[in-house]
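Next up: some structures, all given as C-alpha cells.
Next come two complexes built around chain A: one with chain B, the other with chain C.
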Partner chain A sequence: MFDTFRQAMAWVHTGFGLMLGYVLMVVFFFGTLSVFDREIDRWAVPETRFAVQPMPSFDQVLAPVFQRLRPDPDDVERTARRVAGELPDAASLPLVSLFAYTTHRDPVLLVGAEFGVPNAPLDPADDHLHVHGRAQVDPRSGEFLPENRLQIGTEFFYPMHYSLNASPAIIGYWVVGLAAMSMLAALVTGLVIHRRLLRELFTFRPRKRTQRSTLDLHNLTGVVALPFHFFFALTGLLIFAAIYLPVHDSLLQPLDRQHEVMEAARTGLPHEPAGVPAPLASVDAMVAQAKARWAQRGIPGEVGFLTIEHVGDRNGYVSVFRAGSDRVALVGEGIHFRASSGEILHEDPAPSAVHAVSEFLTGLHLQHFRHWLLRWLYVVGGLVGCVCIATGFIFFTERRKRQWALHSPQALRWVDAFAVTAVTGMVLAVLGMLVANRALPADLPARAMWEERVFWCTWLCTLLHAYVRSAALIRGEVSAAWREQCIGIAALAVLAVALNWMTTGDHLWHTVTTGYWPVAGVDASLLTVAFIAFTAAVRLDGRGAGATSTAVEPVEVSRG
Partner chain B sequence: MADAAWLWLAAVGSFSGTVWLALAMPVHWAQVMSAAATRRHPALVLRCLGWLALAAALAACLSADAPTMAVLVWVMLLVPAALLVAMVLAWRPAILRCWGAAVYLRPGSSGR
Partner chain C sequence: MARKPLRHRQPGALVRRSVLAARVFASLFGSYAFVWGASSLLIVAQVAGGIAWDEAWMVGMLVAFPGFLAVFLWSYSARSVLRVWVCLFGVGAATTVLAAQWQLRLLAGV
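Presenting the complex of A and B:
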C-alpha cells in the first residue's frame, strides 16, 4: 500500500490529525484556560472576589455547614431509580461521610457529603448506594454561595478540557482519551515524517510562501514543546486510566473489594461502620496535631483536604491531608484519627517508588503547586500546542487547495470552515460566554444554563459564518472568515473587560493598583487577546489575496 | 539569593544555551554571523557552551525549587527559549551576534 515506512507514517499522521485534531484543539485550548481556572472563577463570580482563605475551623465553621448541607435533588432523583420502594424525604437522609477541600488559590471552600440510603438496591451488585451533596462555602462566614452562579473556570472550561462537557460525560472522556492516544501517535509519526527536524530545529521562514512557513511553524511548535506535548498526553491518559481500563470495576472487582478490606485491616481504618452511635471529638484539635506532626517531620504545611468517614459512628475516622502547594504531587501525608477520641489511628507511610512516580506524573498535569512562573510556562506550552495543531490544519488545506478547488470545492470549504471554527470560533465562543456572564441579569433563573447556551450558540454561529464566508478559497485566497472572526474576537474581548468594569467597578487600573491579580490577570489577558486578534486582522487585510497567491496560483473556477 | 533571582538566571541560561545550540548548526551560524566569521564555524565550542549554559540553568532551577519542581521548570523554560530563538532568527538574526562573538573571547585577546 505504501512504498516507504515514511509514507505510511505520513498517512497515519494526516488521517488521525484530521479526524481528532479538532478534539485535540479543544483539549489543548481549554487545558490552557484551566491553568488559571480559579482565577477565571473569580472574574465570573464577583461575589467570590476576596482574599484566599486557609481551611477554616471545623468545630466553629464547618460543623454547622454540614448540618445545613442537603442532598443534590438531581442525584436524589437518579438514586430513586436505582432502589426498591420510595426514598425517604431527602432532608432526613443521614450524613455518612463528608469532605472539605481547598488550595492555595481558593478563597471559597468546596464541601461535599454522602448521605446514606436505607432502601435496598434493585441490582444486588450495586454496592455504592449514596446520594451526594456539594456546595461552595465562604470560609469566613460559613455561608453557602448563591447556587445560580456558574464558576466558568472550574465548572465549565476545566470539564471541557477532559470530557468536552458531552452528555453522557463518559462519551466525552472516551473521545478525549482517543484523541490523546492519537496525539502520542501523531508525535511519533511526526518525528518520522520530518526527520530532518534536528537540522532545522530553529527554522521559521515567515517570508516564504504560506505552505512552507506554515509547515515550519508546525514543526517548530511540535518540536520545541515535544516533552510538554508528550508528557501531558501521557499523564492525561494516566489520570483517567481507571475510566479507560475499568478492570477494578469489572473483571477484577472481587479482587478490588478484597483489597479494600485488607487495606482497612492493615491500616486500622475501619472499612464498615459499627452501627453504634458515637460523638465527634474536636476536629480542630486533630488538625492542630496533624500540623504539629508535619512540622516535626520537616514538612510544615496547611490542610488541603479533610474527610470524615462513618460520620456519627463508633468506627468513624477523620483524615487530614496536607496541601501540596510546595511540590508537584497533590495532597498527601495523610494522618488519620479516631473520630470519637481524636487518637491517631494511622499515618500514611512515605509512598513507594511506583506510587511516587504516579503522584509526580498526575501532579505535574493537575498542577496544584504554588509556582506562578511554571503556571505561565504551562500556558505557553498549551498555546504552542494549539499553534501546532492549527498550523497542521492550515498546511493540510493549503497543500490541497488548488486540486480541491477544481474537484471538490465544497469539501475544501467545509474543511477550512471547521479549521476556522476550531481556532477563532472557539475563542469567540469563550468570549461570548464571558460577555454573557457579565451581561445576563444576576437573578435570572437557570443563569448558568443560559451562559452555556450562549457558548454553544456562538460556536455554532462561527461555523456557519466560516462556511458562508469561505467562497474566496475557490479563487485560491484566504477565507474572509479568518479576518472577520479576528475582528469579532477583538471586539468581544474589549466588551468583556468593559462589562466587568461596568457591573463590578473592578476596572484594570483598580485591580492592578490594589494587587488583585486574579481579576487583573484575566482582564489583562483579554486585552492582550484583543490586541493580537486586531493585529492579525489588520495583517490579513493587508495581505488579502496576496497571502496565498504566492502559495497557489489563483485558479479560475466558476463553480463555488 | 531570592528564588525569583535564581529563576531569572535560569531563564537567561536557557535562552543563551538555546542560542548557542542554534548557532552550532551551520545554517543558523551563517544567518547570524558576518561573512568573515562564517568561514570558520566553531561548532564544537558552541555546542559545549550551549550545554554548559543549559546545565547552569538547571543548577539555578535547583537552587530555587525542590528537585521535582525544578526539573519541570527547566524543561518548560526551554519552550519559550527555543521559540524566542526561532523568532529572533527569523526576523532579527543580528541580535544574536554577540552570543556568536562570545566564542572568540579568550583571556588576553582583544575581542576577535
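Presenting the complex of A and C:
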C-alpha cells in the first residue's frame, strides 16, 4: 500500500502527528510550566510566600500533624465500593504507614498516609487495600494549609502534563502515553522524511511564504532539540512503565511477590506487620543518626523523604532518605531504623549499574536537583518542542488551505480553530486561571474547583472564538482569531500581575529588590508574555495574510 | 488522511481503507502484544540467569519502549499486512505463554 519506506514513514508522521499533536502540545506546554511548578504555587497561594524550609522535627511538629491527618473523603468513597460491608467511620481508621516529602524549593511540606481498612475486599486479589490521606503543612507551625487553596503549579499544571487532569486519571495516562510514543515515532519518521539533518539546522527563511517558513521552523526546531525531545518522551514513558506495561502486576506477579518477600528477608525490613503494638522511639534521633552516617560517607545532606511502615506495630520501621538537590537521582542513600528502638536495620548499598541508570533517567526528567540555569534550559527545550509541534499543524493547514477553501471550507475553519486553541487558547486558559486565582474571594467555598472551571471555560471559549473569527481563511487570509487572542494574552497577563499586586502587595519592584524570586519570576515571565503577545498582535495586524508563522510562534517562546 | 499513497494496482476504496485500518490496529495492539510477551520473556530469562527480579524488570522496561517504537514503525514499512499481524500477535502470544511456563518452572524450582 505504501510504495516506498519514506512514503510509509511520511504517512505515520502526518497521521499520528495530527491525531495526537494537540495532546503533545498540551504535554509539552504544561511540562514546561511544571519546571517551575513550585514557584507558580507560591504565586497562587500567597499564604505560602515564605522561605524554603528543611524537613521539620518529627517528634515536635510532624507527630501531632499525623494525628490530625484524616483519610481523603473521595478515596474513602471509592474504597467503600471495593469492600464487603460498611466502612467504619473514616476518623477511626488506623494509620498504618506515612510519609513526608520536601525538596530544596519547598517552603511547605507534603505529608501523606495510608489508613488500614478492616473490611474484606470484594475481589480477593485486591490485597494491600488502604485509604489514603494527604495534606500540605506549614513546617514552621505544623498547621495544615487552608483546604480551599489550589497549588496551581503542582496540583493542576503538573498533573495536566501527564494525565490531562482527566477523570479517571488512567484515561489521561494512556492518552499521554500514546502521544509520547507518537512523539518518538514522529522524530524518527521526521528524520527519514527529511534526511538532510545539517542543512535543516541552519535553514530558516522567515520572509518566504508562510508555508515555506513554517516548514523551515518545524524542521529546525525538530532537529535542534532532537535529543531533548527524544529523551523526554522516552523517559516520560519509562517513569510510568509500571502503568503502561504492568507485567509485574499480572503475568509475572508471582515472581514480583516472591521478590518482595525475599527482599524483606535480605534487608531485614519486615514485609508484614507483627500484630503486636509497639511505641515509636524518637524519630529525630534516627534522623540525626542518618545525617551523621551520610556525613561520615562524605555525602552530607538534608532529609528529602521520610517514611514509616507498619506504624505502631512491633515490625514498624522508619526510612530516612537523602534529598537529591546535589545530583540527578531524586532521593536515595536510605537508612532504615527499627521504629520501636531506633537501631539501624539496614543501610541501602550504592545503587547497582541498572538502578543507577534507571535513577538517572527518571531524575533527569523530573529534575529536582538544584541548578537554576539548567532549569531554564529545560524551559527552552520544552518551548522549542511546542514550536515544533505547533508549526507542524500550521504547515499542514497552510499547505491545504487553497484546496480546502474550495472543497471543504468548514473543515478548514475547524482545523485552524483547533490550532489557534492549542497555541494561543492554551496560554489564555492558563492566564484566565491565574487571574481567577487572584480575583476570586479568598473565602469562597470550593474555590479550587472554580479556578479549574475558569480554566476549562476559558479554553472552550477560545475554541468557539477561533472558529467564529476564522471566516478570513476562506479568502486565503490569516484568521483574525490569532491576532485577537494575542491581544487577549497581553491583557490577561498584565491583569494577572496587577491583581497579584493589589491582593498581596507584592509588586514586581518589591519582589525583585527583596530577592523573592519565585513570585518575581512568575510576574516577570507574565510581563514578558504580554510584551511578546502584543508585538505579535501588532505584526499580525500589519502584515495580514502570510504572517502566521513568524508572528505567532514567539508567543510560545516566551512562556516561562 | 488527505495524502493518499501512490499505488500500482487500483483496489477499491473500501478495500484500501480496511487494509489501512488493519495496519493501524496491528501497529498499536499488535506491537503492544509483541512487546508484552517479549519483555516478559526477557525478564524471566534474566531471572532464570540469576539476575535479581527488580533489575531484570528494569532492563525489560528499558528495552520494551524502544522495542515498541521499532516494531510500530516496522508494521508500516512491512509489505504485507498479513505478515504484520502474524508476526506481532503470533510472537506476542508465543512469548507470553513461554514466559508464563518458564516462570512456573522457576517458582517450582525455588
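Note that in this section the second predicted complex is superposed on the first by the 541 of 560 C-alpha atoms of A that agree within 3 Å, B and C clash if a C-alpha of one lies under 4 Å from a C-alpha of the other, contacts with A are read in each partner's own complex, and residues count from 1 in each chain.
Methods note: a residue touches a chain if its C-beta (ideal position, glycine included) is under 8 Å from a C-beta of that chain, and two chains touch if they have at least 3 such contacts.
Computed from a predicted model, the values in this text were never measured in an experiment.
Asker: Have a look at chain B and chain C on chain A after the superposition and call it: clash or fit.
Answerer: Aligned on chain A, chain C fits beside chain B.
Asker: Applying the document's definition of touching, compare chain B and chain C: which contacts more of chain A?
Answerer: C
Asker: In the superposed arrangement, which partner chain does A:Leu245 touch: chain B (first), chain C (second), both, or neither?
Answerer: So A:Leu245 only meets chain C here.
Asker: Let me test your reading of the model: by the given contact rule, A:Thr203 touches which partner, first (chain B), second (chain C), both or neither?
Answerer: Touch partner of A:Thr203: chain B, not chain C.
Asker: What is the contact status of A:Gly381 with respect to chain B (first) and chain C (second): first, second, both, or neither?
Answerer: So A:Gly381 only meets chain B here.
Asker: May I ask you to decide whether A:Arg105 touches chain B, chain C, both, or neither, giving the answer as first, second, both or neither?
Answerer: The answer is neither, since A:Arg105 touches no partner chain.
Asker: Is A:Met181 in contact with chain B, with chain C, with both, or with neither (first, second, both, neither)?
Answerer: Touch partner of A:Met181: chain C, not chain B.
Asker: Go through the superposed model and pick first if A:Leu220 touches only chain B, second if only chain C, both, or neither.
Answerer: The answer is first: A:Leu220 touches chain B but not chain C.
Asker: Taking the C-alpha centre of chain A as the vertex, compute the angle to the C-alpha centres of chain B and chain C, in steps of 10 degrees.
Answerer: 90
Asker: Can A:Gly15 be said to touch chain B (first), chain C (second), both, or neither?
Answerer: Only chain C is touched by A:Gly15; chain B is not.
Asker: For A:Arg327, select first, second, both or neither according to whether it touches chain B, chain C, the two together, or no partner.
Answerer: The first partner, chain B, only.
Asker: In whole Å, what is the nearest CA distance you get between chain B and chain C after the fit?
Answerer: The answer for the closest chain B-chain C C-alpha pair is 19 Å.
Asker: With the touch criterion stated at the top, can you tell me which chain A residues are shared between the chain B interface and the chain C interface?
Answerer: none
Asker: Given the complex with chain A, which residues does chain C contribute to the contact?
Answerer: Going through chain C, the ones touching chain A are 1-3, 5-8, 16, 19-20, 23, 28, 35-36, 39-40, 43-44, 47, 52-55, 57-62, 64-66, 68-69, 72-73, 76-77, 81, 96, 99-100, 103, 106-107, 110.
Asker: Applying the document's contact rule, which stretches of chain B touch chain A when the two form their complex?
Answerer: 7, 18, 22, 25, 27-28, 65-66, 68-69, 72-73, 75-80, 82-83, 85-87, 89-91
Asker: Using the touch rule from the top, collect the residues of chain A that touch chain C in their complex.
Answerer: Touching chain C: residues 1-3, 5, 7-12, 14-15, 18, 178, 181, 184-185, 188-189, 234, 237-238, 241, 245, 247-248, 251-252, 254-256, 258-259, 263, 352, 354-355, 357-358, 400 of chain A.
Asker: For chain A, which residues are in contact with chain B within the complex?
Answerer: 199-206, 220-221, 224-225, 227-228, 326-329, 360, 364, 369, 371, 373-374, 377-378, 380-381, 384
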